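Next, two complexes with subunit A in common: one pairs it with subunit B, the other with subunit C.
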Partner chain A sequence: MMSANRWMATGNYFTTYRQEQRIFATHVDRLIFALFLVVLFSWPYFIELSTKYMLVIDNILIAVIAVYGLNLITGFAGQISVGHAAFMGVGAYTVASVAGVIGDRHVLITHAWPLMILLSGFMGAAMGLIVGLPALRLRHLYLLMATLSFQLIFQWVIGSMEFFNQGQFMYVGRVHWFSGQVSRSQHYMFWYYALLVTVVVCGLGFRNILRTRYGRSLVAVRDNDRAADAMGMHPGFTKVFAFGLAGFFAGIAGALQAYLNRGAGFETFTLHESIQYLAMTIVGGLGQLTGCIFGPAAIRLLDLQVESLARWAGEILPSSLDLATGLRPLSFGLVIVLFLIFEPRGIANWWRIMRSYVKLWPFRY
Partner chain B sequence: MTYFFQLVVSGIVVGSIYALAAIGFVLIYKSSRVLNLAHGQLIAAGAYITYTLTVYCHIPIYVSFVLSMILTFFLAMSVERIFLRRLIGEPIISVIMVTIGLMSIIDGVIYLTPFGSENLSFPSFMPSQPVVFQGIYISYTQLAGVLITFLLIGVFSWFFRKSTVGISMRAVSDDQMASMSIGISVPRVFGLAWATAGLTAAAAGGILGNIVGLNFDTLHAFGIIVFPVVILGGLDSLPGAVVAGIIMGLIQQFASGYLDGNWGLSGTASLLPYIVLLVILLFKPHGLFGTHEIERV
Partner chain C sequence: MPNLIVSDVTLTFGGLHALSSVNLEIQAGLITSVIGPNGAGKTSLLNCISGFYHPTAGEIHYKDLRLTRLAPHHVSQLGISRAFQNLELFGGLSVLDNLMLARHKDLSYNLLHAVLFFGKASRIEAENRENVEKVIDFMELEPYRKQTVGNLSYGVQKRVEVARALTLEPEVILLDEPMAGMNVEEKEDMVRFIFDIKKEWEITVVIVEHDLGVVMDISDQIYVLDFGEVIGSGNADQIASNPRVVEAYIGEE
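For the complex of A and B:
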């Protein structure tokens, strides 16, 4: 059998299931991915960015990890979650409360931080499994209500319990690397690399989950749960497990955020933040792995624009209001609504169109 | 014992407003299977419109109450027309996500107005001396609120039982295809369901604003408690919404009356509804009066 040229493919010509399940459909994709990674890892050696923008980039990467989870629920399992920030909060507060109990300069926090991050991931996964449990008995989108109530219970617990400092900031110490303690000036750069590695590992993990038996049953349950049931899958457990996985990604993202911000505070895990993550997922593209990267980047950049617009407007308008508190939800809501109405497949679809254009160029038909 | 009955009375007062607010939500769900996450924002909008008309336009409060119901009726109708009409035929999940977007948009708009950050209260128009009965206090505003709520609930149940429009709305919720075949315009019914939901939301908002004052955070929290109420009552049951609303009001009052202050707890009234929601979803997912689906996952 002649195999297709994997360098010059002009479309998808799969003849076996094995081919369809490859991580990279063509060698060109693999090459582009490798080049992209090289650029991502090496640009800090050539360009100096101010701390402010470095923080923005780090935040984008954290959001990418969180959106992996949310996209798994919303894009692949077909359920809506409005409690994703709370799942992240579980991760962040796992780190912060361990730091609170054993001291924020304990070896476990500063040296064994990868372990702490994994532990937070598992805490998030446990919470996800609990919140997803109603899926065993319910079809439709009732789980939205479960995630909403988880969000509000989380806010109550953090906001009113002495153990969590009643929502005030809880500190987490600086971490150590092989070269010693990571200094203040290197903090954001260090976490850029740590985050980048996590994003790549989680992304490959996510892609591989989708290739497995479980990943395919996830899509089958989303598309038609009765048919999936008839083919021997268990729709309930599939959805519950999806919530667990989403919680895992969110927990990891939350723990990384706690380390990056050197602590956890209440205001980064509210309902508005959850909606912001949902906006990222929708804008990026539901059910698209590439969307998990476009969405956070687009929304964080929009956020920056909104902030500077609010500052600019605050200077001209004789107003005591903090315009950003209003403009933020307004713009995220608008983005959600407009994308759902005009481009439900998100930015990932533009990327797809561009790719197929390049693939066929110069022969358009 | 007086304390207990005092809690019962205030629970019923709050609960009846929940019931009124939940009716609108159930209505939208019944006719179009859409969980309207922006319902709390409609309530807040209704409350602020009533306040604006009363205080800034100097319209008597009775008139402005009715006017704000009419305005919110058209507001909700145009929301349906502009955003949701385009999505008929799309998967329900995207429609629900659009309502999440709407929630965020209306929040943003309210934060941009002075209402977003200020504590306001309606000018008092009723005798401030409360009614005392056997040592139980109830203010005239609360009394009026409960009366108006039950009046409206009565009007709505008449509307759904007897009027042609109400019957056609029930028909659509029962079976869209069948009701289309007998000549009911389904998009029109969706629009009407939203509009009626806006109407009830404005009424609930207006009454609530008069009883507890206007603070966006309070209104926001109130709007979200509608979700536990409808889950408890069964998402597609109007009597369920009324019963569950009152149960939820009682639960909250008992929580803040008996739990707060003991064992170092505080603010349990804003926690318990969501625990109830999770428990109901796990053990009795169709609520007290909701339609049981025979197929199980």
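For the complex of A and C:
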């Protein structure tokens, strides 16, 4: 019975099809993942980070959730969306406008915040389904134009409507936890945990979708929508569904962003941000679940490095050169181009190579 | 008993007549071949049956159902599946996933089940996996099960294409040039598969093919198309002695 010991397993000894559905083939894989989660949840007890870095980490986690959605539509279903920040905006403004109508300290906002986040997800999904409708007819660049126009319409609506405070900041109150109101000093730490749980739960949901007919149908319309049609699915509706799902993740990410920032402002959801999320998706790895984590981390950390580099350069160079403003978009663009040329499969591919190396060590191929 | 009836189908693209007044009767349980020179309209005919094109005039009936205006995903649900001529596989997926996609309509769980996975979705996936494995076993695709389709050789991809059409559990299978670009051994294998599809799986087979030798050997019924018109029909002997067919293929004497 060599199959019995799942601790020492070196290959797969599956005997049923249900065993083969497993995400982790061996117990060791599963243990490593569990340990990784324990580290993620426990490190704040040992290391104290400044608010600035805590905010960066929180923002990475929000971007991870957003990129789940974007990778789903762009990486898996193959439809480029440049309106993702606007979908996030839908989520954020759902929370913010409810707060605006019933008051930002209303119990719905402060106590029932998980419900509000879920509601925002559904609002994002509804908007995704509507914006995705052109996918019934359009493809490729033309569909991209539809998402772009949604982004612009969103910005215009938020920027000019009185109800949305014409794009000015709309406040959302501090939330409560079982221990009472989350104070200013605990704010970022609290949301770190809330975000981490959301990232893990959404990630599991995403992974599960991928191993079912819904996930497969997305890849089918990406690879060949004629054949997808012959397989008995409606390719158009599959794409619309993908937009809905992407909108759901974006809505959740947006709502979390609103809670983290303690309100919604228009500049967090501009076209620039949309393109940044697209960059995260590409750098992380299109069509790779792990890419959803690597991409946002890489881009946000790069941003941080470039910022300090620009500050340092700004001190020694004449101020008329204004390197600081130019350096960020420059490095950002450079990274995307370099990835597209040298590693189109993204950081997730490095991860894959590293894993197979470790698995085979000390043997070579 | 005729199973699939194509009556007076005309298909025009602008001024070009791809098909003009084509009449076919495809008998249940037999192998029917459609042959003809390049550009004769063979693939257009299959596209009309499987719903990718809608005929300009004429009707297509399957049993009592009218297929004429149905979309491909409806036609495939009625039990008419299709293997494409120019491999239209899902290149980024494994052989297994390609075939599981053919089970799409049989995977009867909803999105919530899918997100939770454990329980219903897992059970139904495993059940359908058994159907897929049956086809993998039949088409001898075991070594390639987990490989990405895009990396496989042409001959194997052709087999995956047929396997996928078979996984749909059709009553009628339309094979568009299943032997194009294959060497003799691969052709012999494919012929064996086609015979078994007819005998073991009791599926009506419709083949569009260029290789006259193969067609003459295996078909129960042959239709010859030229310039969008049926110029001859019958069994192999009748076709071989039909002067219009000989003319279309060899030219005037």
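Throughout what follows, the second predicted complex is superposed on the first by the 332 of 365 C-alpha atoms of A that agree within 3 Å, B and C clash if a C-alpha of one lies under 4 Å from a C-alpha of the other, contacts with A are read in each partner's own complex, and residues count from 1 in each chain.
Criterion: a residue touches a chain if its C-beta (ideal position, glycine included) is under 8 Å from a C-beta of that chain, and two chains touch if they have at least 3 such contacts.
Just so you know, these numbers come straight off a predicted model, no measurement behind them.
*Asks:* Would you sort A:331 into first (subunit B), second (subunit C), both or neither based on which partner it touches?
*Replies:* After superposing on A, A:331 lies in contact with subunit B but is clear of subunit C.
*Asks:* Could you look at A:153 and tell me whether it touches subunit B, subunit C, both or neither (first, second, both, neither)?
*Replies:* first
*Asks:* Going by the contact rule stated at the top, is it subunit B or subunit C that touches a larger number of residues on subunit A?
*Replies:* Per-residue touch count on subunit A favours B.
*Asks:* Considering only touches as defined above, state whether A:137 meets subunit B (first), subunit C (second), both or neither.
*Replies:* first
*Asks:* According to the stated criteria, A:209 is in contact with first (subunit B), second (subunit C), both, or neither; which is it?
*Replies:* Second partner only, subunit C.
*Asks:* Take the contacts of subunit A with subunit B and those with subunit C, and give the residues found in both.
*Replies:* 226, 229
*Asks:* Which residues of subunit B touch subunit A in their complex?
*Replies:* Residues 33, 35, 37, 83, 86-87, 90, 92-94, 96-98, 100-112, 114, 116-117, 224, 227-228, 231, 235, 264, 266-267, 270-271, 273-275, 277-278, 281-282, 285, 293, 295-297 of subunit B touch subunit A in their complex.
*Asks:* Using the touch rule from the top, collect the residues of subunit A that touch subunit B in their complex.
*Replies:* So the residues of subunit A in touch with subunit B come to 74, 78, 80, 82, 131, 133-142, 144-146, 148-150, 152-153, 156, 160, 162, 225-226, 229, 235-236, 272, 275, 278-279, 282, 321, 323, 325-337, 340-341, 344.
*Asks:* Which residues of subunit C touch subunit A in the complex?
*Replies:* That would be residues 50, 52, 71-73, 76-77, 81-82, 84, 88-93, 97, 100-105, 107, 109, 111, 113-117, 121-123, 125-126, 129-130, 133, 164, 168 of subunit C.
*Asks:* Can you list the subunit A residues touching subunit C in their complex?
*Replies:* Residues 16-18, 20-21, 205, 208-209, 211-217, 219-220, 222-224, 226-234, 287.
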